[in-house]
């Protein structure tokens, strides 16, 4: 990867490389823009490159130059969605698809009581050195939530694929399992569940800002003239409203990349809101995966004369 | 089941499209058909003008139920508006339900300009149901309560 | 703030004084009063006086439904120099006093409705309807009977009309017909004079052998590119003598006009009465084009009208209105294996049958079998071929005309050849039309046509005849009918070119590729897209009288626009905040009118200039439904007169 | 708990509204029982608010020597100012302040020859100083006021300038407008060029306020003439948010406009990042 | 010094809670957060950093400051302040305790923020020493001794025993009230544990983070550093770092129309927000780079410039752990500090 980036950057074929930069700790990689071939030494691709680079292209694509971007299979769905909404110009991109075995979640290490991490060796079994001794863990125990329902190893848009054959044999978990479980509960139980989760929200907007479908120039919640702007969740209602509207605004456009949940400092399973919409859309209006191609239209931008009436909600879930 | 509070007056915000449902409500009026005064109608050009934000806003401010009324599918003055409404509101209502907000508090109805009687009936039914359920406690804003 | 009593209609259940007093405590209210009948001249005068005396910047009238008197009060406001859109109505009659009996309840609700109206009004801004000019010319797309009739009606009213017809002649499908039901006039006899009228009308320009390439603009100001395909004939020089056709050695092309039942030359006019009477060279058949040799036609043409070098010509013209009259095609029954169409030469379509019966047709009007040229002894007609079918089997709709034309065919056969047995397989016979049922009964009773309620399962050739296997639903038996000719009443299908045209016109289409009308009952000849009208079968199956009636109606609606010098728009339309628009084009996709386009624009955000792709609303096209506003997540798109803030303010006021 | 919480505003009543220009109005505000809502020094600001509409910082246009009422000259620019422009007398508003430092009228300005340079609404904060200086005329040297606006209609306080300032008590006013217009016999041209043309000696202590672009060019012009930047003052009160140096948003470098400003000497500003 | 067996903590907590509200780091789901203590709550003695710092209890995320009733042209101003009820926060770490001293410099400076002052007066901080720091910890860089934390009362948990030492008068007063639970002891066990833990501190990855060269004198140089353009692009402009930071203290004042009146409240603001400096006449910081730079310039240059060299960072490591894209103050210090003198 680095060699390819070096090649394209020094030849002038691209003006910038969007990739990951290694950090100060074994796991703290950051998305970074490289404009200098020398600096590519700091480029890295490992199990902690979970962040989805596609959204950065909105900003990086503004220059009059080509940008080389490395995308994991699931990131390409987001990019397609951005392309379909004219947020990024395809001709400005050189997309290299890279393989992915599923990315790792350092929070999962921490919740297992592993602290003081000073070194991580990545293999099927992770060897973790800490200030307090070494640990070993199967890789699959530490996967990011989003990787538990992997969309597969196919890149949906790319100029070339780099083959270090990292392609994963990822298990297709049932991504709707938790949504279905909640649907099966009583409204009171669901209410309690979501209150518990959403009350943690500190309104940092990380979920929104990282979301490759949230591409408004100014979010309604930031726009003093919108009538709903708020910097904080002053009450439970505002917690609910923010999350309902955020999810609604990306309904039909969300590719389920899972970044929202990954970035939430409070560990709120935000993706369960998006998935609810995805499940409903697929259930009511036919199977739909946003970002499958750049030509797809959100199901909220079209309709069918025979669409279900809203009372389908009651019919579907019985009277609980 | 909670005890029905006889004094409870559920507040209902009823969005009506200008071409069908608002006229239907007018007809209910000119036919002198009664429905509860707690139903307050907001005129909009088309049911597709209803933003989910408006629905939430009503609940925030103390509404106990929100009902959106539009032309019957196929009869939209603007051809397709109510089809978009149908998708949007189905998803929104489903999400509210998912969050544990009682699904009986939201409703989408098709009421034509000729259906004054139906308008009154739907409003009566809706308010009746809200009466059974009691006040909206799950989606109100505490600041807006007295 | 003005409260109307409406006699006792309102005052009976609403305490007017309470409403007036309550309104005085609302923000922005400087004057409040009441009156017996606000809508009466006295009330309106009061409105004007109040505006003038208190320099009001807006008024709320608590009275009857805005559907009743909004216009009245807007006019009164305008008369007093107030922008008419600074008027809000609180509907305290239909939505309040008339639905409640208890005065306390009614009063309380009236106060709330009044508050909501004030809250909205506080956010109103003066609105000004846009104006746009009207180009006094109409474009009719399609030159069949519908297009011709619409064009003639518009032209007769004194406006220019252009007809664009894709085939070399106008006339359309009707020109191919033999007789017409229920009067059995000869189609040509009633159509050709109209064709000639159209050609000779000084307000009508014909563009035959032409297609619409591109449409832009909006009501009053459409700009259209018409592609006039190369005829290889200079129409101005051609005198229609026909010498070229006579000499042309390439004779193997199938005649489109005769549904392929006869051949034509490479240079041809579709039929004798074609308008214009100017031949066309079929470049796929012409030897000059195929081999470079020949050129006989050029040699014999005295006026030197032949021009092999001729290229397609693009004509750009502007129109105030466009009328779609693209008509239909009969569905091809080849996909229905059970009928053997395409394999069995004696299984033909009804339109082919029309040609066979026509005196100017390939057989000179003699009804002969295609297989051996003999006269048939027995004919079976099958109705509903492709109509009223399961979605995957054909068209779900009834094609409407087949019952009648089949009855006509059967009658004509029996009339001309009384010895031929005629059977008709039908599902239902539908004859709702003036003299239609009488016509059908004549076929059965007077002409002895054998109607069998049932469907045909299979047609097979047996000993040179056709064995039609079907069900008789009345007898509930399987039956076999031997026939020499089978005629399939094929469904009416939208032209393949209709949907692309609809896209160009941004006119919405239904699932069957027929143009959608703006309202099924009340606006049946208008497309939802302003300035686009629908004439004839392009909107849905219909017979000739209906087509002509609709063509006239479309003309009248078009004239309604052409006769205006300026179009006054509705100011309650959507508009984007360019600072917020991110160019995602979602709004464009939900707009039923195609009023939204995207353009690269320089945006000045407090001195920061960037060029971005942003939405633009065509104010002349937007109808103000608001679909786009909810689609826009950033709220960049808002609807004047019903802004997000206004609706929220109403919600707030109601829930206070 | 002490009742001194500075974030809780006081009540004021708009007692008079004057049109200055098509988009500027001057509002007189008194405390409910008359008099000023609080005392201030020239150059200080106050936070005005209509609850539910908005809260914004405005310079106090009146001089501290006016103890009957306070004045604010407000240009239509946003939600709150639009609202205020629609208000009528008798409207109550909330006021908190005074905020920020002041022009050193009792310090460095004392005894000096003063030059006021203002553009557009920028005269509003300087008016307080000018009237203070006029009220204590003997404490100061020469006073010249250079004031410009887009057009004659955009000159604020024109009546006061003409009837009370110009030529009275050794105060000279030099007006200019951007483009010539009928009925205007004064100077036409931009303020910076006009300042150069007027040929002031460089010993003047100068107070500048106006749109950022004007300030930039005026400073350049003054530098060209050889003015000492330690004797040039300007004010930037529009940036303030909380007014008390805590909310963290009005900083320019490590200075807080609402606490260390809004009046800055040019040499102080020069040492700060260009984030204003 | 006093000591108490950990097995009796519940008793201690309930005693403290009797007189005042007690907040403690309590496990909820997979996270530890400061929340009101209730009997049998899962108080986390060893989990170092809570997601949010106890800053909330003194400088709440949202706080009403006034209310108004508006009718016609009239406005009624209501003072909604109430005297803060006494409370204590248990389990505060040295870094978070120090952060309050930094906030004092802002809010207790003239004019005093009475909202903060009232809570600071009625709030009591019981700190706990960190014997097992995280790899993200770097409080030592700011001179904070995590093994000898500040606050009103310092505690140490060694083996099964809680050691307790009051540091202030307020601390003494509480100690007096619960003293009967404790036994007197010396500090030998604590000292031994401190020494042992020091070896871990000496191995922390960021122990040598160098702050030299980050002072007000080089303000303009650091402001104009080209490094900002390298660091900034990865930032999502979310407010995570500012909201979990124990020292971030910027706030906004907003009105909410309840329909019955107006509530004016103070709420945390984040310099990452695009409208952080938005004003009627425009916005002096329109680009993300400017906002990103503001945050770190504030913490590392402006704040020390105004506060005797004290940095607005206590090395708690929350931003290192929680930044969604791992862009944090450590990376900024390394890029801008003396090691990379640009």
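In order of appearance the chains are A, B, C, D and E, and numbering begins at 1 in each one.
The criterion applied here is as follows: a residue touches a chain if its C-beta (ideal position, glycine included) is under 8 Å from a C-beta of that chain, and two chains touch if they have at least 3 such contacts.
Everything numeric in this text was worked out from a predicted model, so none of it was measured.
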To reach chain E from chain C by way of touching chains, what is the minimum number of steps? 1
Which chain lies the greatest distance away from chain C when centres are computed from Cα atoms alone? E
Report back the single chain whose CA centre is most distant from the CA centre of chain B. D
Determine the centre-to-centre distance between chain B and chain C, using the mean Cα coordinates as centres, and give it in whole Å. 35
Hey, how far is the Cα centre of chain A from the one of chain E, in Å? 30
Whole-Å distance, chain B centre to chain E centre, using C-alpha means? 46
So chain B residues touching two or more other chains come to 52-53, 57, 61-62, 74, 80, 84, 88, 141, 143-144
Out of chain E, which residues touch more than one other chain, so two or more? 70, 252, 256-257, 259-260, 269
Touching residues of chain B toward chain A in the complex: what are they? 52-53, 56-57, 59-60, 73-74, 80, 83-84, 86-103, 106-108, 138-143
Report the residues of chain E in contact with chain D in the complex, numbered from low to high. 65-66, 68, 70, 73-75, 77, 79, 81, 83, 106-107, 109, 111, 113-115, 118, 216, 219-220, 223-224, 249-253, 255, 257, 262, 264, 266, 269, 271, 276-277, 279-281, 284-285, 290, 294, 297-298, 301-303, 305-306
Residues of chain B defined as touching chain E within the complex: 61-62, 141, 143-144, 146
In the complex, go through chain D and note every residue touching chain E. 1-11, 49-56, 77-78, 80-81, 88, 90-94, 238-239, 241-242, 244-254, 271, 273, 275-276
In the complex, chain C touches chain B at residues 65-68, 91, 93-96, 98-102, 105-106, 108-109, 112-113, 116, 508, 516, 518-520, 528, 572, 590, 592, 623-627, 629-631, 639, 642, 644, 647-648, 650-652, 654-656
